[in-house]
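Just below is one structure, and these are the notes that go with it.
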């Protein structure tokens, strides 16, 4: 039982990264009907921006110029990095996607893929192949709850990511922009809506998705403090699977599917030899897709790759 | 540089159109003869010439590597290219214009197979002599031919059928391992499988069987995806095929008898240049036959409007399944060749990176087009090699190039063009500039 | 892989020094041997790198030697009987070493004394389910023959999951990056390696000083072994005398000269090649000090 | 015996009843019409018969064989050709290929032929092409054979679509508003074409149309559909004067 709960805790943390990245995918996918294959790398960029900001703030703090406690640095890092990374997202949209609005969707997927490669390479050129270590901003405290070990970091990561997901949900449900997004997801043709031009919505979608990816990146840095330029690839593609699994246009779906992905991976590794993890995890996902072709919350639709 | 690359024999078919009016009206045959003369010149005069103009060896990839690595050698490389390639090709092609036109005309009077084989023979001759200069050229060419097969077969799914499949590296892996197990088990003494089961002398003759075996395994894999995927529509295939790719990779990692994650080596050296060339030609020929038949064009009908296709008696589901398995078969054969070219494979080879590479070649070259796939595979493989001295910056330049192509030609460089062998080989009159 | 082939065929190199890790060195050795090009990998400890490959050499000891060294060290030092192993199954070096360690450990403590034998795949970042299993298994020590980036993650996650017992590593820990990434979590841990910078004397010290002067940090074992490998190659090329320009002939000559080198006095110890192209030399156990330095702890010779 | 016989066909979309107890008999060579206001369920009836949707209840027999539950392409191959209200041409295919494609079910060379370009394949492809060119000739668009369809004017696209439907060698042809969006000149041409088709090929035709005038001129028997139910059935004169029909159309179009 202890064993089970320990893995449950592990899975919650692992799943929250998938969920947050899947959300970014899902938003772009449902609103613009595009695969944003650069998203995994935006997550990576977010983590590195977070690393830069955090290192800077730590240095600033150490110099005594602006003595900040660790948690304060973390909050500032998250906010600043969200802001900066959202610009990266908007640039990606402007350069890679807007010129291709009327092109086949697959072509936009290719640009995304290429932008991703450029982001990885750019990082390598700037920082070199050496891994960087995310500065430890908060003291790790381990609690032993009846044999189950929980750290303050884990609790913080799960809570922070859940609250961002909730915030996004409220934004999409309650605000004018959110409503425009939903309308656009429903039917691409009914734009411009509510007096909001389509480009604004596209840009906003990318900005929000990227900001969330930045949060995920920083939390990832807190939990797994070794960053490398290719960290976004595998993560990104798996989150992409989760996004589709959630169903088109569903924030709830993407969140749930992200967590499910984390749970499947952790629990498969718990029961079977961990080398079988991907094999079994993806077989389960394949089966889910066979029986629920439109994901958990998706509606049947018949969009095709326009040629 | 552009111009010089254009005269490269294997690129000839795609990029003839743009030359100046002096060179219009020269049939493909003429260019092939020119290329043949050039490579023979290089073969016999290359080394003495290199000594004379102060290069340390024959520029392997038309000097691209030299230019980027040692700028001081640019003049030497330029002289070499001019003397060995540009001038001979131009002179032979231009001077032999009427001769080659007449010859091409004569050839066309025979059944189509005759001129085709003559052209292919000349092309192979040029490539063979060209590649004799260094083992590096041979390797580059082999990988390029494998890339052509992969790109073309993926184009069948992503271009002709208009679905987005991500499982091509998975099919490749199935083919690579299928064929490798076949040859290693039967013909090679190896750590994993022990002594060969059949006499080694039989190996090269049964190698095609091994490749086809690999291809069939790949198409069985495709069947697994196809059954659930083609019941519904939308972006379903993209995601299922991606999951399939991960599953295949993970499955091979868990199969200890093929070496698990550490890979499988010891493939016998069967994939020599002529073998790879013949398979690539076969692949192009069969796929081109297919996509030009009404049965194959049903793919376009399914892509452009499935309901209408159905109402016009097209069995849409069967069409999609057949095409998917067909494409997977060729990916498998290409994978088998790939494994025997490198003589080592591991599951890591067939991951997301390979996927990005093949997708890039398909969309760069052009959708729904055999020309496009050949162009995409050849140009990106050669570009990848030529830019190698730039090291990491290569991975800025190539993606950037692709993004630009996508922005200005969203369906790729040469999309929606039929590849008609007859037209390619036809003699040309002066007034007719068209390819 | 492709790079290696291209280096040999296009650039016509005489000798290859590298690649470092077994993951690349094992397949690269295959290519080098196929093309009859001498290669020496300074740091690849997997037996397959040189096995049945007359043209491939190495500058370090082998995993079949290192595995028992670590097993004996733990047994003698702590007196533990139950060990856990966590390794990357997709990478030759950790996988090979994990197997040799397991074999050696079970030889001493009996079948089943490796109570948890857990694996992961390259690029994984989360080891929580494996570490939870290890925690539950009742192991007294964790052996993890991983590279520096994974070491940092494994050690930190293990601590966060309540692991308080020792974690022991292998020569792959030897990079300066290990402590840089891992921080205090790694202080006090042990690993086996080729040489220890702290407390070096003579020739070794001279090398360390020169290196520090130039690059401003202490050379790790990779640097030291590469230095030695280059030295061996230099000796061989000199012995060979004149380079004729016929690349095949030169390669053959260098290969034969390397095979004949005896008692080469390197900064990581004395070396003579066996028939397989493996040197016979000693191993060192290093302790990571409270300041994050690599302290010489013990020397173990074959 | 009727060529097409439908009995008690009913269909629900979710809980919504789209078609109720629909019956139809079409004799060989007969021209029948189906009229009704927008949303009456005319196209739904077409889709049910051609197999795109499966009717919730009822029986459909084509040439004496039950076709409910069959795939659309099977039904089409059995002799039911159709056109679409919104054309549904294939964007990237030439005019000639459109018509050749509709011969799909008649292809006998199989995959071996497709892959290896056997003599049989070349022979059959030549036959298919000849047949296709004949049909294009008949539709007066043979000069456009090698054009991609998006380049064609609307009227020509309609005629290509008609040629495509005829290439399936139907016994009965379903026309879904064949003159939608046409100008008067194109309309007259289209009416001529429908007459030619009927006279030359002796096909039965089942027609959905908005323009009553055209239906009245062409059809022998007309059904009027309102809210998924047939409210009147009979020859044009009878329909023209049926009060229920007039009411359904609010007398608007009848006046013209």
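Per-chain residue numbering starts at 1, and chain names A, B, C and D are given in the order in which the chains are listed.
Keep this in mind: a contact is a pair of C-beta atoms (placed from the backbone, for glycine too) under 8 Å apart; a residue touches a chain by one contact, two chains touch by 3 or more.
Quantities reported herein were computed from a predicted structural model and do not represent experimental measurements.
Undergrad: Quick one: most central chain, C-alpha centroids?
TA: Smallest offset from the overall C-alpha mean is found for B.
Undergrad: Counting in whole Å, what is the centre-to-centre distance of chain C and chain D, each centre being its mean C-alpha position?
TA: It comes to 76 Å between the two C-alpha centres.
Undergrad: How many angstrom lie between the CA centroids of chain A and chain B, rounded to a whole number?
TA: Each chain reduced to its C-alpha mean, chain A and chain B end up 37 Å apart.
Undergrad: Quick one: report the Å distance separating chain B from chain C, using the average Cα coordinate of each chain.
TA: 40
Undergrad: Multi-chain contacts only, two chains or more: what residues does chain B have there?
TA: In chain B, residues 253, 261, 303-304, 368 touch at least two other chains, as defined above.
Undergrad: So which bits of chain A are touching at least two other chains?
TA: Those would be 234, 275, 277-278, 307.
Undergrad: If I count partner chains per residue in chain D, which residues reach a count of at least 2?
TA: 91-92
Undergrad: For this entry, which pairs of chains touch?
TA: All chain pairs meeting the touch criterion are A-B, A-C, B-C, B-D.
Undergrad: Which bits of chain B are touching chain D when the two form their complex?
TA: Per the touch definition, chain B meets chain D at residues 286, 289-290, 293-298, 300-301, 303-305, 307-317, 322, 368, 416.
Undergrad: Please output the residues of chain D touching chain B within their complex, sorted ascending.
TA: 50, 52, 71-73, 76-77, 82, 84, 88-93, 97, 100-107, 109-111, 113-117, 121, 125, 128, 164-165, 167-168
Undergrad: Please give the residue numbers of chain C that touch chain B in the complex, ascending.
TA: Result: residues 1-2, 5-6, 8-10, 12, 26-27, 30-31, 34-35, 89-92, 95, 121-122 of chain C touch chain B.
Undergrad: Report the residues of chain A in contact with chain B in the complex, numbered from low to high.
TA: Contact set of chain A toward chain B: 35, 95-96, 99-100, 103-104, 106-111, 113-115, 117-118, 120-122, 124-125, 233-234, 237, 240-241, 244-245, 275-279, 282-283, 285-286, 289-290, 293-294, 300-305, 307.
Undergrad: Could you list, by residue number, the parts of chain B that touch chain C in their complex?
TA: On the chain B side, the touching residues are 57, 60, 65, 134-136, 138-139, 143, 253, 260-263, 265, 342-344, 346-348, 388.
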